[in-house]
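Letters A, B, C, D and E mark the chains as written, and numbering starts fresh at 1 in each.
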Amino acid sequence: MDIGTIIGISLGFFAIIGGFLMEGGHVAAVLQPTAAVIVFGGTWAAVIMQFPLGDVARAFKDLRKAVFPPTADLMHVVEEMVKYAQRARKEGVVALETDAESASDPFLAKALRLAVDGSEAKVIRESMEVEMDRMEAEDDIGPKVFDAAGGFAPTIGILGAVLGLIHVMQNLSDPSKLGAGIAVAFVATVYALFAANILYLPLAGRIRSRCKAAHREHELVLTGVIAIVEGENPRIIEDKLKGYVGGKAAASGSAPKAVRKAA
Amino acid sequence: MDIGTIIGISLGFFAIIGGFLMEGGHVAAVLQPTAAVIVFGGTWAAVIMQFPLGDVARAFKDLRKAVFPPTADLMHVVEEMVKYAQRARKEGVVALETDAESASDPFLAKALRLAVDGSEAKVIRESMEVEMDRMEAEDDIGPKVFDAAGGFAPTIGILGAVLGLIHVMQNLSDPSKLGAGIAVAFVATVYALFAANILYLPLAGRIRSRCKAAHREHELVLTGVIAIVEGENPRIIEDKLKGYVGGKAAASGSAPKAVRKAA
Amino acid sequence: MDIGTIIGISLGFFAIIGGFLMEGGHVAAVLQPTAAVIVFGGTWAAVIMQFPLGDVARAFKDLRKAVFPPTADLMHVVEEMVKYAQRARKEGVVALETDAESASDPFLAKALRLAVDGSEAKVIRESMEVEMDRMEAEDDIGPKVFDAAGGFAPTIGILGAVLGLIHVMQNLSDPSKLGAGIAVAFVATVYALFAANILYLPLAGRIRSRCKAAHREHELVLTGVIAIVEGENPRIIEDKLKGYVGGKAAASGSAPKAVRKAA
Amino acid sequence: MDIGTIIGISLGFFAIIGGFLMEGGHVAAVLQPTAAVIVFGGTWAAVIMQFPLGDVARAFKDLRKAVFPPTADLMHVVEEMVKYAQRARKEGVVALETDAESASDPFLAKALRLAVDGSEAKVIRESMEVEMDRMEAEDDIGPKVFDAAGGFAPTIGILGAVLGLIHVMQNLSDPSKLGAGIAVAFVATVYALFAANILYLPLAGRIRSRCKAAHREHELVLTGVIAIVEGENPRIIEDKLKGYVGGKAAASGSAPKAVRKAA
Amino acid sequence: MDIGTIIGISLGFFAIIGGFLMEGGHVAAVLQPTAAVIVFGGTWAAVIMQFPLGDVARAFKDLRKAVFPPTADLMHVVEEMVKYAQRARKEGVVALETDAESASDPFLAKALRLAVDGSEAKVIRESMEVEMDRMEAEDDIGPKVFDAAGGFAPTIGILGAVLGLIHVMQNLSDPSKLGAGIAVAFVATVYALFAANILYLPLAGRIRSRCKAAHREHELVLTGVIAIVEGENPRIIEDKLKGYVGGKAAASGSAPKAVRKAA
């Protein structure tokens, strides 16, 4: 499980609940089931009104990506692509047929298969860009759902607070309960702001950045396959693909000696 | 009727009204015809000021799309396009004349007719893109109207609350009615926030996503017809078009055997 | 006069003033000349600071477009363009000289004149796109002025309310006037929200959509003239241009028989 | 000095201060040096934190452009360009060497010099677009600084008000001073809203629109020089460039007779 | 250390704290550890939830760029590029091998090495643009983290204030403590607004503008290397590259005599 998520959510709880307790507040004061019903029910009602049920389900599945992030090793992908380039140079692009079949990533598999089938670079690019556009649109569903939840929540929180205040105002005759009533009304705002700012919006951002990393990998793969089909020198391909990796690999800019020889 | 809409709107009502009742509020307290007049009248007055009447009418017609969503089966469209591609390969593009006439979707019909007429790929793309741009602009009218309503509503709600407070402030002399008066003033805010967040904004998003699905289908059809006119191999066409579909079709990436043979 | 504007503004007045009266408020309570001075003076001061005087004047002239919208009949323009295409086909582009001189729309006139002068399609496109860019920029001045007014108004309304409250707070010693004072302060907010939401912002949107319709017509005309210069078949031109029209014309997609014959 | 700025700022002061006096307020009530220190100090502290000192200085220099706007006569520039085109037609592009040296606008001078040096149209466009991009980025510094000031001011105003209220709340024991204290706290909001809405934001918009006019002129000059280098007919050039001018020149679309003859 | 940062942060402290003291407030009143725990803990919890820990760490490292800005001398880079261009003209592009090895900037080094390796202009552009895109994405991490902190802080401040008010409302029975309690609640808002407006948002803007300067330098270098590979005249290259520099260099537009001769 991603340590950042654990740190983030613990820090959020400790800071906000802890700060409240340090001031002398009691936890019981912020535990209001009616506020929870209004805020969480209202927020997800709005989300379900806006998105198809399948999209909402997908958003919750995407939480896995946020909490257990896949480890992407771009440098490894670059090395794979360079190996393909070297094989294609020596034995022809057709030699990549087995690689196309055994590739674990379906995106890479499809690109290689198109290359093996003898498609032109232009056709490969068009086909794979259709694929990439669709995948990006699909990957953006989860973040959009949580962004929407984070956008609706504060307003629903105000709605809950106003409903609470309406109730309080109608019972002004008993001023001894006034303060407690207003306190209850404010809890809806607390729930909504906490959910939006410590959960929904950060989760949307977190899922989105995980997906962006996957898209960068797809761009790297597509650039590599196109370069292989166009018969570029494996060393030039490696140089170009390292530009996607960053860090020392890009800065050094020179291929390891073994690879240079093979090229 | 779409089950998501039913769930969404029911959840919204139960959560918000239910939460209010759980707190001990009375439904009567939030039934204020004057607040409804100000909020709904004011919101739609602003919308009617901004949009031609025809656009507002169209927005209400578009509600059907949100509540009874058409079922789009992109895989079926891909199969249709592959069939056209195979026929065009064997008998020439002219053989698609009957398909052009019998096509139920006017967009597909126009694209096929242009192909049958012997137009170049470039001319077909230009003509159909003009068509697509116009359809996208028309399809965006409904969502824009509801987005505008969702944008105006909260401010009109505040306007209603301020008008209510003005009335209350002028009658401060009778403090026993003060609380009830403020409660009445707040109801305008409740109506406005509920309408904007549980109805207008989600409906705009829902209609917009339905229309986007239709546009994806048009892009698929146009890509297919262009590929047919350019005489591409039906199998390559199928591969490319499957990129629009997603799910298993795209991942597997391979055409069913029967189709491969035919190609 | 556009019936939508009348309905919109009447509905706005009836809903908001009517709702206030229904609650038992008195019109006198919301007639505050000082609030009007602060809100309207302050808003237009900000607008005049931001825009040249000529732009502000133009915005008020553009109100005509919102209230008395010109009736654009795109289908009629398509028919005109097809007539030109047929004449150019039979008698050459030079035959359009009289049409260029008699055209009532200066945009159409300039495009035809360039065509008659024997300019290449590329030169015509470049020249007319410069023209279109400028016209779009000019047409956007009015909406921008009203958008700015709609953006400044609510903040100036809050400024007015705060100024009112400052005055009230300094006279707390006489609590009997407190409520009335606060009521007066709130009127600035009412004016500002009404002006922004029922007038400025909707008018900006309304003028902008009128101008967009004009730009669509210019795109149609330019596409048509370019196609004529490139010697395209009048029937193909008609098909392409109908894509701009929408509705039944586009859906049917087939030219009326008489035109087909002529082509 | 631009009359619009004078009218705008006077109207702003008269409307807002005047409205306050009409209500019976005293100017002294809104003169609070501490509020001024917090609002103006805090706003510009934030701006100085965000922008290099040179950028802030530039923004204040740019105020000249807003208050004493340069008068741009695009029609005159078109006539100049047409003269150059005619000379280049008769005597060759090299004949423009003296014009390049005597041109007062460095942008025009550089473009002409590149043309005289025999650079290709493509090279001229590339070089001058680098120049235009840089100038646009530089011209946008001033507006960005004032936009930032206009964005920070209201929040700093709230900060000032909250600080004032904290002070008031700690002295609740003396209720007779309560109202006055709150009034003082509100003055920070008044200063901030006035500065943001009547000064910073409108000035940003005003400087930005002055710069846009300069960029239009540069585009006109570049289009003209490119057309000269490509040997286009001076009359066609004039027609194209007039598209940038608008008004009657563009509508008439015909060059004055004298020019036509010369061409 | 950048003098602007020192001036900005000192001005911010003096204006806001000083203004508060001038009003007669006591510093002790705004020193609330619980408010600090809620605001700073909550804000960074949200940030850590949204961004990977490495990104947050990078943001703090980027503070160096804001506080100790690197001094970029674009004119010097232009002179370097012109030297390379002259050497490449006389001795061939291969003569730049030593320059490629000794270049201190890895971006310049990689571009030169690609040129020396005999890559075509197109390949160099593609490879270096991949590199530039990645560097821009990486450089934008720090600003995004601080922008997010600046976006979350005010809402967390309101959350803290509401939590404080809940506590106050539950102890209404002791009115003598009411004012002090509200004052404490407001401190969270003060911390949040100060942190967001005087620290987080300006720092994000400051880091972003430092990075933009670096990107401009990369564009300059890439344009220069491409021009060298395409064998353009060193004097033309100098003219083009000076467009990136601005100030007198661009306005004069003429290369120093010594350079002209060499060309």
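Definition applied: contacts are C-beta pairs under 8 Å (C-beta built on N, C-alpha and C of every residue); 3 or more make two chains touch, one makes a residue touch a chain.
Predicted model only: the values in this text are computed from it and were never measured.
Contact with both subunit B and subunit D is made by C. Per-chain Cα centroids separate subunit D from subunit E by 25 Å.
For this pair, subunit C with subunit E, the centres built from the Cα atoms lie 40 Å apart. Under the contact definition stated at the top, not a single residue of subunit E touches 2 or more other chains. Contacts between chains close into a ring here, every chain touching precisely two others.
Listing the chains around the ring, anchored at subunit A and oriented toward subunit E, produces A, E, D, C, B. Of all residues in subunit E, those touching subunit D in their complex are 3-5, 7-9, 11-12, 14-16, 18-20, 22-25, 29-30, 69, 154, 176, 178-180, 182-183, 186-187, 189-190, 193-194, 196-199, 201-203, 205-206, 209, 223, 232, 236, 239-240, 243-246, 250-254. Within the complex formed with subunit E, the subunit D residues making contact are 33-35, 37-38, 40-42, 44-53, 106, 109-110, 113-114, 117, 119, 123, 126-128, 130-131, 134-135, 138, 148, 152, 155-156, 158-160, 162-173, 184.
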